[in-house]
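Note that subunit A is present in both complexes that follow, paired respectively with subunit B and with subunit C.
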Partner chain A sequence: MSNAHSSVLRHHFASLAQQKDASSLGMWTFLVQEIMFFGGLFLVYTVYRHQYYDVFAACSHHLDWKLGAANTAVLIFSSLTMAMAVHAAALGQRKATALWLVLTILLGGVFLGVKTVEYKEKFEAHLVPGPHFLAPTEAAHELKIDASQAGQAQLYFSLYFAMTGLHALHMVIGIPILAALAWKAWAGAYGASYHTPVEMTGLYWHFVDIVWIFLFPLLYLIGHH
Partner chain B sequence: MSDHVVSPKLYSAVFAALLLLTLTTVWAAGQDFGAYNTVVAVGIAITKATLVILFFMHVRWAGKLVQLFVASGFIWLVILIAITLADYVSRGWSLTQ
Partner chain C sequence: MSAVSTPREPQIPKEHYLNAGYGVKSWLLTTDHKRIAILYLASVTFMFFLGGLYAAAIRLELVTPPGDLVLSETYNKLFTGHGVLMVFFFMIPTIPAVLGNFLIPLMVGAKDLAFPRINLLSWYCYVVGAGLVLVALVEGGLDTGWTFYTPYSTSFSNSNVILAGLGIFAAGFSSILTGLNFIVTIHKMRAPGLTWFRLPLFVWAHYATSIIQILGTPVIAVTVLLVAVERTFKFGFFDPARGGDPILFQHLFWFYSHPAVYIMILPAMGVISELVTCFSRKKIFGYSFIAASSLAIAVLSFLVWAHHMFVSGLSVYASLIFSALSFLVAIPSAIKVFNWTATLYRGSVSWQTPMLYAIGFIGLFVIGGLTGLFLAAIGLDVHVTDTYFIVAHFHYVMVGSVVMAYMGGLHFWWPKITGRLYPEWWARVSAAIIFIGFNLTFFPQFVLGYLGMPRRYHYYPPEFQVLNVMSSAGASILAVGYFIPMVYFTWSMRYGKVAPANPWPATGLEWQTASPPPTENFAVTPTVTEEVYDYTKPPKEPVFV
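The block that comes next holds the complex of A and B.
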């Protein structure tokens, strides 16, 4: 078991299987911590949405749900390509692994590009919390808010930027890791018996996808009926 | 090795289901379910997350210890949200004053 790839087996593990189990458990411990980390933000969001539902619904209409939905599809697609990278690595397919990883990076780039366009629109519309914030009182539909609710509107957009910003930061961190993996995969560092880094990074990337799966309906689709 | 090689067919099926559920959540947001709009939206999101966790993240084929860790993370999240909301809903606290 360990003779073929003894260079990747650390001396404190009895076997590659044991080493991989330890890696998986460690990665999941990190992800459970991430669930609690994002969980705090989701809790704050839930409490304030409960309190200021009308303002949150009105502000939600200032996000472009079509861009949000398109980005959801892009991110789900990148999860598929990531899963395929792990699959190719497990089969010892050197080039396929690298190519699936590159495709995942490209899709991550598309997501961040769309996010940049959305952020730019928010800056231009003075919807970024702070001294230049202007409450969106000139709504084109029946959900109107008045100037006295500006603070509540800022709260919505603070949560929007905190949650999507933290999510985007996770992707910004993930992309160079994927790039390093693609480079090493191309060089033949991973094979059927050892591809743990690809698998662990896959777990991270899928986790980021899950966070967005919750963010999209909660931020973009409040009170759309 | 404990590696479970999943067929690309299964991955594609999960991908298709996730896209379908994304369309469903957009559609459901446009319907008036009264107080249940949020329940439906969160329910669909939980379903999607479960698909990702079980199949893309291979938790369906993982060892019992990893499955326990994953479950514990979500159980603590539910405790965090449920107990905090129990306070906000039952004590009549209002942030608007």
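The block that comes next holds the complex of A and C.
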């Protein structure tokens, strides 16, 4: 046991407890930073939604809320598997940890797959902002808004892609980290006294999940009563 | 420790962090906070002189009233380049990433920052950001001003906005990672007995700075990202043609960029607290007030951003509130100035170079700070918005205060960093040259601005020429003042007199280890039993060597 200690204790810490405390505060500080990072986007969203509520509601109806809801369930479930991985790591269950992590990766993959399908639909329907966006008259017909509001519809879809895109990017970054953890867990790197990386990645994964919990109603459910 | 009575000729210790390895790899892959500080020192100095070249071109153009040296487009690129290099790649990182990086683990009695590899990553983020910006500047330049105002930056500018934006994004993460490391280190890595109220004020100042870095920087990161996305994919976050709001961009931009000013000034204030108390040989006056005022500034910094937007279409009520809040910043700032002054009172003040810079700082900061109050007053601000008055004001704060403090700190800790003394006579002379050059450069700009000379134009009416020539003359003196330390610092690394562990002598754990310190900082983990700044006792010989 003491050998396992010395191999994971970095030289500048006095004890494993101090090292773990530092990691956890570091991760939480990083997540605060993340909140502010997403916060800028949420602010832009809030301002425009307030200003152009009707257009945002009309555009929101164009998203497939069923896919969104399914994805929400998938992510919540992945948070559960992640929590199970942390639990298993703390108990020193080598294989269980790795399996829960792999399951988390798979669920993350399902989420991204569904997201890809949704993006593809938007591309095909010319709902990606920019020069290829629906012409004002088409937009009026398609989205059931006034032709003069086509620009504002572009604002909505700009935010849709930016917010879900940034969220998806966080998952794309998370998945290889989970894969590395699964690999190391399988090799027996974690146990009761040391499983900080699994726990920290868990915090990150839950954070990304929570961001989606906010994104789903804000983007998909505007004006649904 | 029994040998205290016989002073010996100081000697460079056999093993220290500088001779721990000589290869390129031993530097580029180092995780030692002291070496990373040196990497930062080299990089920010390079960017400083590059930004200085842009300034030189600007001052040269402004010697004569007509725009006869460069085209208007080129001039736009000159002031933009100057601003971007100086703000994002010198002012923001300089004191935290160089002095903070080197000193915070030493001051808290730790072997390193909490996350050494993340510390190295932060330097690489800086290098990548600097590289992108340099490519942007060389490959046709950037003409949006350092403020990137939309819709010019998103829809109209034909310069390298995307590249420069991504560079600032990367530099932003370097700053965030540094702040994160400091917060965790200060919370979790303090030596036994080192309670919060025994921490040096330098550490308190960096703690407050780190909070701003964590809460503010991500906002500008996402904002420049949105500008880059809007330009690349023709999305429309801030495009007025589609109902987007360019003023929203300004809100987001200043939500970071005003607190960013405090990312620059707070560490500078931390340096000054150390210098004033050491060279007055007296306990600092009002320790807890200085510490708390740093936190107060950090909090207030987030509540004043819209005073940059009094003429941008802010409502009268919003303007009034932001004006009132901006006045509040003066309170914690003044608390610091009064406490420093009270520390000097009846101290045995000596005038070594670091103290010259500290006194220079206090004077210039008072001018920079008080003119800030002029600008918080809406009526006066409307009169001088976008004039040289603003330019003079923020240079008094950024150059007059921050660079002064940085230079003071660099001289103060140079013996610790390199194990060598700098030549005192040359250092005092150049401190005087910098003070004179600085005031000659920027004081006339207050007058110019008040008389109505707008910033960012290279034509001006002939009656402004005398003041502009004064300013340009001052700039050349200032350049000499910055060049001399460059030479003697470089010289002293090899030929300077060998420094003792505690040359001033000063309190603080960093002086209780060898100069230069060993890689592990302290041979014995220090234990702290008393408050810092106790200058009433005779100086101690280093005990943790």
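Assume the second predicted complex is superposed on the first by the 212 of 225 C-alpha atoms of A that agree within 3 Å, B and C clash if a C-alpha of one lies under 4 Å from a C-alpha of the other, contacts with A are read in each partner's own complex, and residues count from 1 in each chain.
Throughout what follows, a residue touches a chain if its C-beta (ideal position, glycine included) is under 8 Å from a C-beta of that chain, and two chains touch if they have at least 3 such contacts.
Note that this is a predicted model, so its numbers are computed, not measured.
K.L.:
Could you tell me if A:Val110 is touching subunit B, subunit C, both of them or neither one (first, second, both, neither)?
P.N.:
neither
K.L.:
Quick one: classify A:Ile175 as touching subunit B (first), subunit C (second), both or neither.
P.N.:
So A:Ile175 meets neither subunit B nor subunit C here.
K.L.:
Just subunit B (first), just subunit C (second), both, or neither: which does A:Met36 touch?
P.N.:
both
K.L.:
Touching A:Leu67 in the superposition: subunit B (first), subunit C (second), both, neither?
P.N.:
After superposing on A, A:Leu67 lies clear of both subunit B and subunit C.
K.L.:
State whether A:Leu25 touches subunit B only (first), subunit C only (second), both chains, or neither.
P.N.:
Touch partners of A:Leu25: subunit B and subunit C.
K.L.:
Specify the partner with more touching residues on subunit A, choosing between subunit B and subunit C.
P.N.:
Of subunit B and subunit C, B contacts more residues of subunit A.
K.L.:
Tell me which partner A:Ala96 touches in the superposition: subunit B (first), subunit C (second), both or neither.
P.N.:
A:Ala96 sits against neither subunit B nor subunit C.
K.L.:
Answer with first, second, both or neither: which of subunit B and subunit C does A:Thr46 touch in the superposed model?
P.N.:
So A:Thr46 only meets subunit B here.
K.L.:
Across the two complexes, find the residues of subunit A that touch subunit B and also touch subunit C.
P.N.:
21, 25, 29, 32, 36, 39-40, 43, 47-48, 51-52
K.L.:
Quick one: which bits of subunit C touch subunit A in the complex? Just the residue numbers, please.
P.N.:
Of all residues in subunit C, those touching subunit A are 110-112, 114-116, 118, 176, 180-181, 183-185, 187-189, 214-219, 221-223, 226, 229-230, 233-237, 239, 241-245, 248, 252, 520, 525.
K.L.:
Sort out for me which residues of subunit B touch subunit A in the complex.
P.N.:
Counting only subunit B, the residues touching subunit A are 1-3, 5-6, 8, 11-12, 14-15, 18-19, 22, 25-26, 29-33, 37, 41-42, 44-45, 48-49, 52-53, 55-58, 62-63, 65-66, 69-70, 72-74, 76-77, 80-81, 84-85, 88-89, 94-96.
K.L.:
So in the complex, the part of subunit A that touches subunit B is made up of which residues?
P.N.:
1, 16-17, 20-21, 24-25, 28-29, 31-32, 35-36, 39-40, 42-43, 46-48, 50-52, 65, 69, 72-73, 76-77, 79-80, 82-84, 87, 90-91, 193, 199, 202-203, 206-207, 209-210, 213-214, 216-218, 221, 223-225
K.L.:
Mind listing the subunit A positions that touch subunit C in their complex?
P.N.:
It is residues 10-12, 14, 18, 21-22, 25-26, 29-30, 32-34, 36-41, 43-44, 47-48, 51-52, 128-131, 149, 151-152, 154-155, 158-159, 161-162, 166 of subunit A that touch subunit C.
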